[in-house]
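Going in written order, the chains are labelled A, B, C, D, E and F, and every chain counts its residues from 1.
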């Protein structure tokens, strides 16, 4: 089974972190195609970056679909481009944000999210509302660590995340923690151990959910919101991506 | 990997239907333990039956946990006893109702549920509200087929379900259909084919979700609502199930 | 008028506290039948205990119905078994949790609940959501006093509850307080006096609501969710409770 | 016990209908003070009438409080002036709309409201939302009978209400019916009989709820929204009602 | 274009503050008719004052409609009498509360409201819920400054409001601030400057929204909730305001 | 005052319709800059087109900001790219979808939306939920007219829209109608006349709202979700749009 894992940004080192997290959790028979976005921003921090990340990300969805992927994972916690990817692909598309929430719903009554920048909080809150998980998410907490600083050991990222976990446990009465950035994928296990609470990494959650949906054999509904794009000719630098 | 699949009622023929559906979708390495509830009602139709089904169902959860199950599935669409089972078990517990909704959320914007008796509609609506999926479920439709009549070819069950699917597509603008009873597990594929819309069976969905959660390695949070029951001595016919 | 008051647990000393609170508020012509659950847990702390409390509790509902009760009260703040009891009985069934919320709605815009253990908070929050009172309840606060310790003067229970009332007034801007355990029934009046805010005990609220519903002469709807259980034969230790 | 029942309009024949419904359901020891509003509109149909009904209605609340009423009932289904009355009075104030919804919540999962004019539907929907009952009310149905025509046997009112009950049962899957006008008080019993479904009249519901709240001995919170009005001098025709 | 700006209370000095704020933001071609309520309370603090303010306020709406106003503004942050005014008038009616929220929605994801007395908080929260902005308003904060004290430089009002802005930014993560009283109209600009965050005054917002709606040429719907009041004769001191 | 009106698609004839609707409603002193998107899809039908429309649309926002626009209008009913545009611009950005809803809220309790293709319904429903208007929108109705067919007199578009208006009035009890596509801008007045109900065109609504916000002088909050994009270098065909 091929799972197409698309890092929403173009930073290959982060794609490697994502790929490693994916490989670690994937089943024996699963092949991971971990790719950076075809073009666009090197990190996604807020709605402007989100907008420019989508076309390059969709290119990778399209490639994965052509290569016979059984399911797709959008490895950006904002679930960037999720609806467009579902319109494009027949095979299920899973965002790492939503996958983490789904996993949290199975094991906890209430959870908190710990993300990077404050500007991403509204994006995440809007997603939670759309998915219906707003009633179960106690709070989305920002650490104000830039996305790419997560890779820098001197950024103090792990400590800042740990501090927010403590506050989530004491102030939000969170029963589980969701890490709100693909770049935090390698921290989940040790944080869970340290704070004695389930800590969910969206990449791992999404891989297992993608395998599950592929195994289930259900494909994206083509009635309504995810109907295949109608044939039309786009103009300009993105004309090559016109739907046929 | 062992998945403990508990039919919430005591009807073994229905357990066999559930077991077959589970085996069909499970991965190569997964072993299915499909069992009827230890004691209680032969079918679960409404809140009274629900209440009497839980103790016998929890016995089977407890056995499964002792046998080393990697995850548990409650194969009753009402998600009967879900919270109690989560308090009891460390390993993830998945209800077939919630699993079906989670699967629907990944592939459709709006879905409808088609269940058996009218009296089950409020139970299901309460669950949807709790999980946050009430905004995405257009309607819960009853066919007024008793649960065990699903096994009787002369009940006209398939036709009645088909009629409701048609109404769900035209009136509710449903993009996917969720079958609201474990006893409908064998109908999903052919109904999907006939009506050209994703039709989700909760048993299959729950097996794949249970495998996913087991693979993810996250266990039920023991902070808050799912904390292990405190030791105390129950009295009466259920005293053997006192928590220690 | 006979009101059937069922303590959801089997601890007779708590039944006496409940009975006394009931007698104190009941009208002259009301006869209180205060009984412990027929069998099950000695205290209800979380979802597992809830599940094992329901059958024994329903036995008492059934007896009360047979004795001609004009209404039933479930004297467990979790409103344990409420839907099943309504399916079973024709006469109105009132939970002490819901009764307290209804009373609070008549005299305050916003209220807070103060309960025993953290593990009960999700149960209560789920009820508030179902009933629609989640928008008016500022917060459910746990004191982490075990239920039966409420009877022990050395537990410091009254002081801990008082501390949470202070926080509810200052932090939640609560305009009324709901005491979240039947075992707190005797504290309401003095706490109300001390903190100069309405403090509602669910037992007293439920008795007056039960009298009101009985006087109104409306019985439980048998259309939909509370339809009488269909005749079927349960197996095992609870077979005697099969619906006929 | 004195219950102060204020018809929100000035039509004495309607006050007599309300008074009769109140007397019929009240306990032996309860004295009903049924009064028309001191001045204002002869019927309340929509938000403009509502606004002009409140001052005259509050006069009657004030009188009732002075006469030692144990509780007040606002006998207008729009719950006209409810917040102002609560700010004015110490004793509990119950609207007949809210009382009917509370009663419905105890005996049904889902209910529909059947009212007079379409213009009242938004007023009622806004109330349902505020109280939190919007999730349980399937639909507010208008019969387009003017309020005072309810008293005219030739208006066909009973038939029109019956027709809407039929639709509520078949289309809304309502499990109970709430009659949405004080002028329908005398129809509840016979409609319930005819359609075999609980039909709730708000006047009767409110009397029993008012007795219940009075018996409970809880008074309106004076913290926050229902704080007593601060002393100030109003000008113009309503100057006599300045708070002191 | 004539905009009819009605101060909901009778205090002319506050009407002058409102008028000045209105003139300052109005377009060249707009004529402001700033009037105090015809009669009623000198300040609106809570639901009782609200109720007695409406008739005098509606007199001014009626006059403005007769003078050919293109739109009406209700300059009380509680949006006092808004539905009644809409039933009365053909031309759009804008409350300063709702106008401020609408403006905040265009420029921020999350806002907080800072108002005068605690007793007004529930009124404002009910409005936010009705309008649908409750999900975007982080918190309604009271300063406990009486309305008319805003005009007194010695009241320390500006400092108290500033303190709450600081808390709204740090604790609520508010991205914009809404000033919750017409009497704060002259403070918005300097507070915005000082705290480097958009601070919205409802009077200015409502003037520009009223101009916008007038320019758009859409009038109040007369179907449903805002249908013109039916002709009937009111009794008592308000008889002159009977609808014809 | 310059208002920058960006047609989200690249079809100039539609931009001319939009421009004409904008000019018609704009004030004397307003200059309209009506432009097609810089590149992308010729029409926006569903989430895939939405995604590819955003970059070209943002180019036009950026140009408008540089030319000193006092406010921006995104003339696509899906409010495509709204959050990204707000992050990019200091001056207020108004979507025609949200502007139409805001206008409807001022003049009606309940409205229905009539749009083009079924696949756009989920996009619109998600927006309504985010903005908080889901409780006031009775239904989003699709006519299944492709966007560009609106320009073709032989498409029967006006008749199909009229049919849906009739259903919205009778079935949804809508008090106002919102036209759900910029290409319907020229139909609002005559449909309003024919069906005797306010019919709101988003383009006109947005122009007047944009003028209002510009006049109000409030700019987009740069705290939180709409913070200016951080400087980073995008790769690929969209590199020119990297934030600095």
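In the analysis below, a residue touches a chain if its C-beta (ideal position, glycine included) is under 8 Å from a C-beta of that chain, and two chains touch if they have at least 3 such contacts.
Here's who's who by UniProt: A, B, C, D, E, F = Hydantoin racemase.
It should be emphasised that the depicted structure is a prediction, and the values quoted were computed from it without experimental measurement.
Q: Return the chains common to the contact lists of chain A and chain C.
A: Intersection of chain A and chain C contact lists gives B, E.
Q: Find out how few touching-chain steps suffice to connect chain A with chain D.
A: The fewest touching-chain steps linking chain A to chain D number 2.
Q: Hopping along touching chains only, can you work out the least number of steps from chain A to chain E?
A: 1
Q: Farthest from chain E by Cα centre, which chain is it? Let me know.
A: B
Q: Given that chain A and chain B are copies of one sequence and touch, is their interface built from the same residue numbers on both sides (over half shared) or different ones?
A: On the two sides of the chain B and chain A interface, the residue numbers are mostly the same, over half being shared.
Q: Just how far, in Å, is the C-alpha centre of chain E from the one of chain D?
A: Each chain's C-alpha centroid was found; their separation is 29 Å.
Q: List the centre-to-centre spacing of chain B and chain F in whole Å, with centres computed as mean CA coordinates.
A: A distance of 43 Å separates the two centres.
Q: Can you tell me which residues of chain A touch two or more of the remaining chains?
A: Only 86, 109-110, 118, 121-122, 129, 135, 173, 223-226 qualify.
Q: Thinking of each chain as a vertex joined to the chains it touches, would you call that graph a line, ring, star, complete, or other?
A: other
Q: Let me know each pair of chains that touch one another.
A: Contacting pairs: A-B, A-C, A-E, A-F, B-C, B-D, B-F, C-D, C-E, D-E, D-F, E-F.
Q: Which bits of chain C are touching chain B when the two form their complex?
A: Residues of chain C touching chain B: 10, 38-43, 45-52, 54-56, 58, 81, 83-84, 86-88, 118-119, 121-123, 126, 129-130, 146, 223-227, 229-230, 232-239, 241-243.
Q: What residues on chain F touch chain D, complex-wise?
A: 109-110, 135, 173
Q: Which residues of chain B touch chain A once you look at their complex with the stated criterion?
A: Listed in rising order, the residues are 25, 27-29, 86, 92-94, 98, 102-103, 105-110, 131-136, 169, 173-176, 197-198, 200, 204-205, 208-209, 211-213, 215-221, 223-226.
Q: Give the list of chain A residues in touch with chain E in this complex.
A: Those in contact with chain E are residues 118, 121-122, 125, 129.
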